Amino acid sequence: MIRVFSIDVNTQKRVELVNITRRINEKISEARVRDGVVVVFTRHTTSALIINEDEERLKRDILVLMDRLVPTGAGYRHDEIDNNADAHLRQNLMQPSLTVPIVNGRMALGTWQNVFLFELDGPRTREVTVVLIGE
Amino acid sequence: MIRVFSIDVNTQKRVELVNITRRINEKISEARVRDGVVVVFTRHTTSALIINEDEERLKRDILVLMDRLVPTGAGYRHDEIDNNADAHLRQNLMQPSLTVPIVNGRMALGTWQNVFLFELDGPRTREVTVVLIGE
Amino acid sequence: MIRVFSIDVNTQKRVELVNITRRINEKISEARVRDGVVVVFTRHTTSALIINEDEERLKRDILVLMDRLVPTGAGYRHDEIDNNADAHLRQNLMQPSLTVPIVNGRMALGTWQNVFLFELDGPRTREVTVVLIGE
């Protein structure tokens, strides 16, 4: 059985981590999938999806890391066209899609794992596609 | 329904981004999958798959970023064996596989999203496996 | 057909690459899946999954790279709570899940490709979920 859903995520800042775990699990409940996988996909080139602990200081550390590895406005050629090269580049160090097992009707996440949309060039409304494959 | 295809990609340079979006969509049309997911997988340890905008200056920025984060020949031990440690290491900052939703017979990519094979140690012929899961 | 398995991986060091290719292929044999995909997922926020060559010097290079990009104890705020921010941050530069095609009853890996659990805050017992989707 395959079901496709769409989730809109309204972000509030230029760079921000938004926990979307609950919203994905709601789609799994709605579709009554018991076992399988969920594919989560962000339809944008300036956002990413990651899994990590939902802890405030760690979330700040992730933003600082991205700032250090891919500083804003560091002479990128793409900034001549659209002032967001940092966002395009940062998402390539993470990923646009995540695949998570579904067991007993929920994502089989570990104790500390949460799924985040990583907004890298907001605030915007982001469209996240959720595909459920299961039985 | 599950269908497996193989795509050969001939790269021209040592480091290069090759847009393979159209070739993946052709396999989806050929298999007449309407809804599901496509798993794209590169069968090599010195190439990667990424999604980004197909814009010339941005593509140059991505190459420059990889050069800065993982410089060529920076004293890697693997270079004693095979002179391509940079390529092996760069792919680990990206990924060997991508999973993209299929909606209405095409990858459900956002407006600016394109799928690229990232050649990191070419020129070579690269084999990309495409698995379609859908109905 | 969908089958879910769990693999326990006992790691021996704080930071270490453990080749789990054979153990994943065993589950594929056990389930008699011929064609499809395998989703491999680590249920932890301080480990990752990568594909690379199983070569000793290269594996050392990967550890050195992670140490350089995300140094241990570099003033992370999360270290005030739990002394492992480096591990949380490093996994976000890689990924928690990998999807690999299955062809003829085995992962369709290239000649040099091996699947590794990347332990980033061990030693521990890590739980890796393996979902087989195929026929």
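We just call them A, B and C in the order they show up, numbering each chain from 1.
Operating definition for what follows: a residue touches a chain if its C-beta (ideal position, glycine included) is under 8 Å from a C-beta of that chain, and two chains touch if they have at least 3 such contacts.
Computed from a predicted structure; not experimentally measured.
Chemist: Taking shared residue numbers divided by all residue numbers at the interface, is the value for chain A and chain B over half (same) or under half (different)?
Modeler: Here the answer is different, because the shared fraction of interface numbers falls below one half.
Chemist: Compute the rotation angle for the C-alpha superposition of chain B onto chain C, expressed as a multiple of 5 degrees.
Modeler: The best-fit rotation has an angle of 120 degrees.
Chemist: What is the distance in Å between the mean C-alpha positions of chain A and chain B?
Modeler: Here chain A and chain B have centroids separated by 20 Å.
Chemist: Mind pulling the residue numbers of chain C that touch at least two other chains?
Modeler: Expected reply: 69, 93, 95, 99, 133.
Chemist: Taking the complex as given, what residues does chain A use to touch chain B?
Modeler: My answer: residues 2, 4, 39, 41-45, 69-70, 76-78, 80-81, 85, 88-89, 91-93, 95-97, 99, 127, 129, 131, 133.
Chemist: Which of the residues in chain A come into contact with chain C in the complex?
Modeler: Touch list, chain A to chain C: 35-37, 50-53, 55, 57-58, 60-62, 65, 69, 93-95, 98-101, 103, 108-110, 112-113, 133-135.
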